[in-house]
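Provided herewith is a single structure, encoded as C-alpha cells, for subsequent inquiry.
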Amino acid sequence: KAQEAKNETFGFAKFQKEKAFTPIVGIESWFTYSMNEVKNDVEYANRPDASFRRLRFGAKGTPYSWLSYEIEFNMDRLGEDSYASTKGSYNGFDIWKAFISARLSNDDLLHLQAGYYWAAISLDYMASPWSVSSFDKTRSDWHLRNFMTGRGSGIESGVGLGGLKNFNGFGINYQIGAFSPAAYNGPEHANPLFTGRVMFSVGDPEQKSYKIRHAGNHWNARNGVTIGLGGATMGKADNSSGTAYNNSKAYGADISATTGGLKVEGEYYKMQREASGMNDYEGTEWFVRCGYNILVKGTFVEPTFTYDSYKGEGEKALYKYIGDDKSFDLGVNWYLNKDKLKLSLHYVNQKGSCSSNVGDYLGMALQVRL
Amino acid sequence: KAQEAKNETFGFAKFQKEKAFTPIVGIESWFTYSMNEVKNDVEYANRPDASFRRLRFGAKGTPYSWLSYEIEFNMDRLGEDSYASTKGSYNGFDIWKAFISARLSNDDLLHLQAGYYWAAISLDYMASPWSVSSFDKTRSDWHLRNFMTGRGSGIESGVGLGGLKNFNGFGINYQIGAFSPAAYNGPEHANPLFTGRVMFSVGDPEQKSYKIRHAGNHWNARNGVTIGLGGATMGKADNSSGTAYNNSKAYGADISATTGGLKVEGEYYKMQREASGMNDYEGTEWFVRCGYNILVKGTFVEPTFTYDSYKGEGEKALYKYIGDDKSFDLGVNWYLNKDKLKLSLHYVNQKGSCSSNVGDYLGMALQVRL
Amino acid sequence: KAQEAKNETFGFAKFQKEKAFTPIVGIESWFTYSMNEVKNDVEYANRPDASFRRLRFGAKGTPYSWLSYEIEFNMDRLGEDSYASTKGSYNGFDIWKAFISARLSNDDLLHLQAGYYWAAISLDYMASPWSVSSFDKTRSDWHLRNFMTGRGSGIESGVGLGGLKNFNGFGINYQIGAFSPAAYNGPEHANPLFTGRVMFSVGDPEQKSYKIRHAGNHWNARNGVTIGLGGATMGKADNSSGTAYNNSKAYGADISATTGGLKVEGEYYKMQREASGMNDYEGTEWFVRCGYNILVKGTFVEPTFTYDSYKGEGEKALYKYIGDDKSFDLGVNWYLNKDKLKLSLHYVNQKGSCSSNVGDYLGMALQVRL
C-alpha cells in the first residue's frame, strides 16, 4: 500500500537513478614550441612546453525527466610555462561551470537555465572548445566575453531561457538571459547584464534538440546555413568604488555554413561603453574559420585555418585592451572518435599592440574526453 | 587453493566493491531579492541575485561492513552578490567535510568518528541543511559553531564516539568528541575542545539507526519528543601569538517534538569565555522553529516559520560579535522527492547591532541532490 | 550500414566505456602524539593531533586499449596542527597528479607519459606511499625531489618514455623524461630537466607489467633483487629574476631485495648545483629500510624500521637546506586488505640542523583506499 502511495506521486517528482550521475573528465594536453616572444622589450628564449590547456573534472546528470545539471571544475593551464607564447595564464583549481537546466514545455520551445554559465551572445561564445577546428577558441571572441562579464570564460551567475523550433527546412533557436557579473557588483547600482541571441537556420537545422552549446563539427551529416544575431546591454554599474560606467553594449552577427565535410563560419561583434567625463570605448572583434572533414575509415581528418582580429579604441579605464590583437591559425585535426579523442597539429601566428603575446608557436594537442 | 586462502581472511577485511563508492552532488540554487540593506551608513540599492547557496561535490561509501567514509567539497555562495542581504560571503572552493566512521560494536551502541567533521553539541549544529524547514540553518546556531571552533561550519579535525540505544517507547543517543580547532593551535597550549551531547527520546525514536546528523523532517512518520543536552569546554588556548583565553565553555538544551505533519523545535545555548586581565565574554543563542507537512500526492508542502536570536556581551577580543543578531523567517517548502528535490519560497527579516546584514529579502530556492 | 561503417574504424579509435572511469579515493588518517618539539628556541607543548596525512580524490581509466589517464586532487594535511612534530605543512586543495600514458608498442617496451607526474630517478621517488613500510616516505628522498623540481612532491609537467623487458630470471626496466619545473621558468633560459632511470632485476622481476610507480610490498610472492641507477641534469636556469644556476645534477643508485616476507631496500643519491660567483652546493641523501611480512589469515603484519639521512653543504642560495636532516622510524603495519586497508603504529625520531622539525612522535595511521 505504501508502494502504491509512492506510485501516486507526480511524474515530475520521479527520480531517475540511472541518469542522475555521469562523470565528466576532459583532458587537452598541449605540446608547444614557442618562438620570437618579446615582452617589455625583453626577448624570451624559444622554448618547448608540455602543459594542459584544459583539465576538467565534474559531473552531469538528468535526475528528473525535466531537470538536468552540470558541474565542472577546471585546472586549466596546469604546467604552462608562463614565458611561452600561448595565451592566458595559470590560475589554479576553480569552478568552471555549474548550472541546472529545466525543460518547461513538452517540446523544445522553453528551457530555463540557472546558475553559473555562459552569458553567450555570439557563435564562438557558445561554441564547444572540444570540437572547434582552430587550435583554440578565437582570441577575438575572448575579448567579447571578457568585455561583457569581466571574465575570459564569459561565465557568470545568472538566469535565462532558451529553446528551438525546427520546421521543414527552416529552424529558429534562441537564448535570453540576465546575469550579475561579480566585477560589477557594487553598492550603488544593481543593473543586470541582459543578453539575447537568436539563430535562423536554412536547410538542416543547427541543433535537432536544444542544447546550451553549439557543436563545432557536424561530422559530414549536415547541409545548412545558420545566421545568428546577438546583443547584450547593461545599465549603470559600479565596481565597489563608485560608478564604473553609465552603459555598456555589445551586438553583432555571425554565420555558419556546413555542406558535406566543409564548414565556413565567422562572426562580427561591436562593443561600446560610456561613462561621464570620459571618452567612450569602442571595440570590434571578428573572425573567419574554415575546415574540411576528410572521412578516413570512420575517423575525420580536418585541415583548417582561422583568422581573428580585435581592435579597441578610446578610454583604457573602460576596457583595458586598447589597440589591436590578431591571430592566424593553420593546422590539421584528426578526430579519432569524434571530439572524444582528437589529435591536432597547428601553427599559430600572433600579432597586435595590445596582444598579451606576440610570439608564434607550433602546437600539438591530444584531447581525451569521456 | 589461492581462492580458498583468500576466503580464509577476517570478515572485517572483506572489501565491499558495490558499496565502496557513491557520488555526492548537492545543489541549492537561490534567487533572492534584497531590500533595505545598509552598511556603515551606506544604503545599498535593492537587488535581485542568482547564486548557489550550496554547491557540493564528493563521495561516500562503506568499503567494509564496519567502515564508512564521506568526503565532500564545497563551492558554496558561488555567484553571490556581496552587496545582497544574504549572510555569509563567497570563499571559493574548499573541503567541506571528510571523515571515517567505524562501527565498533555489533549493535548501534559504539561508533568511532575521525577526521574533519562537526564538533556538534546542539540541535541545529547537527541538523542536515537539506531538510531544515527554515530558508537556511539559523544564524543563532552559526554563532555557537563559530564561537566554539572559529569556523562558521563548526567543522574541525577531531575524534569522537557516538551511538544510540532504543527501547520500547524510549531512546538514548549520544556523541562525544575531542577536536583541535586550527584557530587555537599555538606553541604554548595544546588543549583539545571537548564536546558532548546526549538526547532522550520519548515515543518514536529520533533515529532508528545511528547517523552522525539529524534529519530535519520525519515525513509524517514519527510521533515523538526528543530532549537534547549539550556542552563543550576548552582549557587555555593560544592562537600563535600567546594565550588567547583561559577557558571557553558552551552548554544548553534543545527540544524537538513531532506528531503527524507537525514539528516544533528549538534550542537555547550559553557561551562563556574568560581571559586574565579582560572582562568575560557571555553570549546566548536560541531559536524556535515550527513547520507543518501537508501531504500532496506523495509530496510534502510545508508552511513554516522560525525566529532566532543571538546576544553577546563583554570583551570583543574574546568573541568579535558583541551586540545582538536576530532573524525572522516565514515561508513554504515543497518537498517533491523528500530532501532530494525541494522548492522553497521564504521571506527573511534580519536585525541586530552586530548582524552582518540588516536588510530583508525574498528568497526562492531550488534544491537538487542525488 | 551506418553500423557497419562504424565497425570499420581503426582498433585504436574504439572507446572502452566500461574501463573509461574508475573513481580514486584515498584516505590516510593520522593520530599522532608529538613530543619535545623546539623551534627558534621556543619549546612547544607536547600534543595529540588528528589529521589527514593524505586525502585524495580523482579518477583514472583506460578509455582506449592503448591510452590511460590519471587525475588526482589532494587535500593532504587537512587538520594538521602546525605545531605538531610531523613534517610538511597544510596547503589546501590542489592538483596532485594528472597525466596520460600511451602504450606505443604491442609489448611492454615502449610507453609514453605526458602531463604532470613524477620526474622520478630513485627508488623512493617512484615508490607508492600507500604500501611503503615506513610511517611515511623518507624525508631524505623528499630532499632529492625538492632539489630537482622545487616541489616536495617531485611532480612537474613533462613528457617521458618508459618500459620493461623480462627474460627468464632477469629483467630490465627504464624511464626517461624531460620536465619543465615552474620554479625555473624564466625569460632567458628554457633548458628542460632531463631524467633517466634504469633497473636491473635478478630472480623474479620487480614488475610483471609496466607501471609508472613501484609497489612497496610484494606480499610474499617475490624472490628477487633489483638494482636501480638514476640521474638527472639541467642546464642554465633562471627563475624570473635572472640566472639561478649554471647547472644542476643528481645521480645515484638503489637496491631492493625481497625474499618471502623479507624486504631490504635502500638508496644513495648525490645532488650538485653550480652558479657563477658562488660556492657550489653539494648534497647527499640515503636511507635503509627493512620490513618483514607475517601472514596472518590472509592479512599481513609487518614489523619494520627505517633510517634516512640528508646532508647539504655549500651555498644556501642554490638549495636552502644546508646542514643535516635525519629520521629513525620503528613500527608495525597491519595490511588487512593489502594496501587498501592498512593500520600502522610507529615511533618516529627526528634530528638535524636543517630539519624543519626535531621533535619525536608516536603515530597511528588508518589507511582506506578504493
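By letter and in written order, the chains are A, B and C; residue numbering begins at 1 in each of them.
Just so we're on the same page, a contact is a pair of C-beta atoms (placed from the backbone, for glycine too) under 8 Å apart; a residue touches a chain by one contact, two chains touch by 3 or more.
These numbers come from a predicted model, not from an experiment.
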Rotation angle, chain B onto chain C: superpose the C-alpha atoms of these two copies and give the value as a multiple of 5 degrees. 120
Is the contact between chain A and chain B built from the same residue numbers on each copy (over half shared) or from different ones (under half shared)? different
Intercentroid distance (Cα basis), chain B paired with chain A, Å: 38
Where chain C touches two or more other chains simultaneously, the residues are 23, 93
For chain A, which residues count as touching chain B in their complex? 5-6, 8-10, 12-15, 20-21, 23, 58-59, 61, 63-64, 67, 69, 71, 73, 93-95, 98, 100, 114-116, 156-159, 178, 180, 182, 185-190, 192
Name, in rising order, each residue of chain B that touches chain A in their complex. 23, 25, 27, 29, 31, 39, 42-52, 55, 57, 75, 78-83, 92-93, 297-299, 336-337, 340-341, 366, 368, 370
